[in-house]
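We call the chains A, B, C and D, going by the order they appear; numbering starts again at 1 in every chain.
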Amino acid sequence: MKQRAEVEFEVRYAETDQMGIVHHANYLIWFELARTRFCTEAGKPYPQIEALGYFMIITQAQQDYRLAAHYGDTVRVACWLDWVASRSLQFGYRVTRDDQLLTTGYTRHLWVHRESRRPCSMPESLRATFLEIAEQTTFKGPEKNRPESDSKEKMLCP
Amino acid sequence: MKQRAEVEFEVRYAETDQMGIVHHANYLIWFELARTRFCTEAGKPYPQIEALGYFMIITQAQQDYRLAAHYGDTVRVACWLDWVASRSLQFGYRVTRDDQLLTTGYTRHLWVHRESRRPCSMPESLRATFLEIAEQTTFKGPEKNRPESDSKEKMLCP
Amino acid sequence: MKQRAEVEFEVRYAETDQMGIVHHANYLIWFELARTRFCTEAGKPYPQIEALGYFMIITQAQQDYRLAAHYGDTVRVACWLDWVASRSLQFGYRVTRDDQLLTTGYTRHLWVHRESRRPCSMPESLRATFLEIAEQTTFKGPEKNRPESDSKEKMLCP
Amino acid sequence: MKQRAEVEFEVRYAETDQMGIVHHANYLIWFELARTRFCTEAGKPYPQIEALGYFMIITQAQQDYRLAAHYGDTVRVACWLDWVASRSLQFGYRVTRDDQLLTTGYTRHLWVHRESRRPCSMPESLRATFLEIAEQTTFKGPEKNRPESDSKEKMLCP
């Protein structure tokens, strides 16, 4: 299994909506929290990456919602590197509560220069680390037969 | 072109993040605002659907981010029905600023009973309307060769 | 010093705005997180209070912002009971980062029945606990020389 | 009555919480939306103020919640200038739904230089306009009998 970072936290009241469950937009924020932890544990804290003059702009995200989280729950979010290409990369995520899988997803990112906001290659200082963590020897993009969550509807009991 | 609803509004300061652009989680909230308008214009306001005893739970969402929105921008979000199956349906979205495409995406939903939170068929009272709007004569799920946004990275100049 | 609960957590990227600091609305959400911890540590978890058929509706809040929090900071929020009256109560808050005071504030609440949404007295099962924690022997409202807008509770029908 | 700006918009689903009403933190975001409109109508759009090199940092806010807003409601927020001092100013707000008053509040701000984040005087180019709108001939702070915690401005280094 690939190297992964995990965060654990309590669901906030403000994260619920009138359905009585966590509003689905919050999972992107939770993904981000786990991504931050991932970078920190990799020894490349994201605030330092920005300070170097780079942003990791998000170009695509997908979320698969299976079970709902509720106020008072303690949830865990795991984050790992799916793949690393020269100018882009993809993180994967799993949100769980105890042994229940709540949500999975991925976010795809592009490196840009902070000032010009133009796409660029991954900063030199991160390459070795990120390739190693992704268990890659060279840059490569998404596989052709890549994920896209299954099309069969899953049972939901939020 | 399928029937679509549109909302137009100003970007809020609180929607920005320290990158100086709208945080990507907000697009799901904007999609929802357009979906609400869609239901209202279809003559089936979502508050009434909930009052009938149903929720349209979200099971999957995808967002493709192309250009960033900024504080002070006026943005438009268009929403339409991609397809309608017996127990699920998919909405599509386009966020634009003037003639620039900022973000596209979709959300997939499952009907559940409000009390039991168990999956169920689309409420009888909505069927005729939703099928007509989706330009379908019968229920059908996602096509096999369905979208999934192209894998080629797009140029981004947020 | 009165009994207080504390939470500690990392600032999230999504909590920042284009000023490069945490958007001021988030402090109310942080206060809430500390208030939740307070109730849990008092042996009266807020989800249980709601399950009993009560809401602790917010009627007033004030925040004094002194120093800004940033993405990557670890912040602490302390919460305590300012006073407990028969139908209302007030919590106080302090947000700190290391030994720096960032924000203080209070929230005033009114008890309402969950179903009717009408004001009511504090649930019997909480009285002894909350009075003890507030270091009060009987219910009493805000002090006269308290720095607040008005002491008369307003009717709320949310 | 002082010159005021107004915004009108629909309540978003994501703004609700599990109490079935709008979460109280959102009112600060709504105040901000009205404050933005205020500056625009005064001929001094806030994005231009930031571009000039200034921020209007928030130092205090208070909200009085009377009635709750719900998903599907159309709400109006009015914003006006309470007073203008040389380095600070205060905006007042009223949130209504039809003829019902939902929430009132104020936000107090301090001018800071964007780069240094140090307090400064109101930008010269805004003075005449803001004084006229506030119906003041000279700068003055909050009145003594004003319902506020303290009149002394605190140093801010966000």
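In this text, contacts are C-beta pairs under 8 Å (C-beta built on N, C-alpha and C of every residue); 3 or more make two chains touch, one makes a residue touch a chain.
Note that the structure is a prediction, hence the values are computed from the model and not measured.
> Taking each chain's centre as the mean of its CA atoms, which one is farthest from the centre of subunit B?
C
> So which has more C-beta pairs touching, B-C or A-C?
Pair with the higher count of C-beta contacts: A-C.
> How many angstrom lie between the CA centroids of subunit A and subunit C, rounded to a whole number?
The mean C-alpha positions of subunit A and subunit C differ by 32 Å.
> When the C-alpha atoms of subunit B and subunit C are each averaged to a single point, how far apart are the two points in Å?
The separation of the two C-alpha centroids amounts to 35 Å.
> Among the residues of subunit B, which are close enough to touch at least two other chains?
Answer for subunit B, listing residues that touch two or more other chains: 13-14, 18-19, 25, 28-29, 71.
> Considering only the defined contacts, which subunit B positions touch subunit A in the complex?
Residues in contact with subunit A: 18-19, 24-26, 28-29, 55, 57-66, 87-88, 110, 112, 117-119, 141-142, 146, 148-149, 151, 153-158.
> So in the complex, which bits of subunit B are touching subunit D?
It comes out as residues 9-10, 12-14, 28-29, 32-33, 36, 45-47, 71-72.
> Along subunit C, where are the residues that touch subunit B in the complex?
Where subunit C meets subunit B, its residues are 13-14, 16-21, 23, 25, 71.
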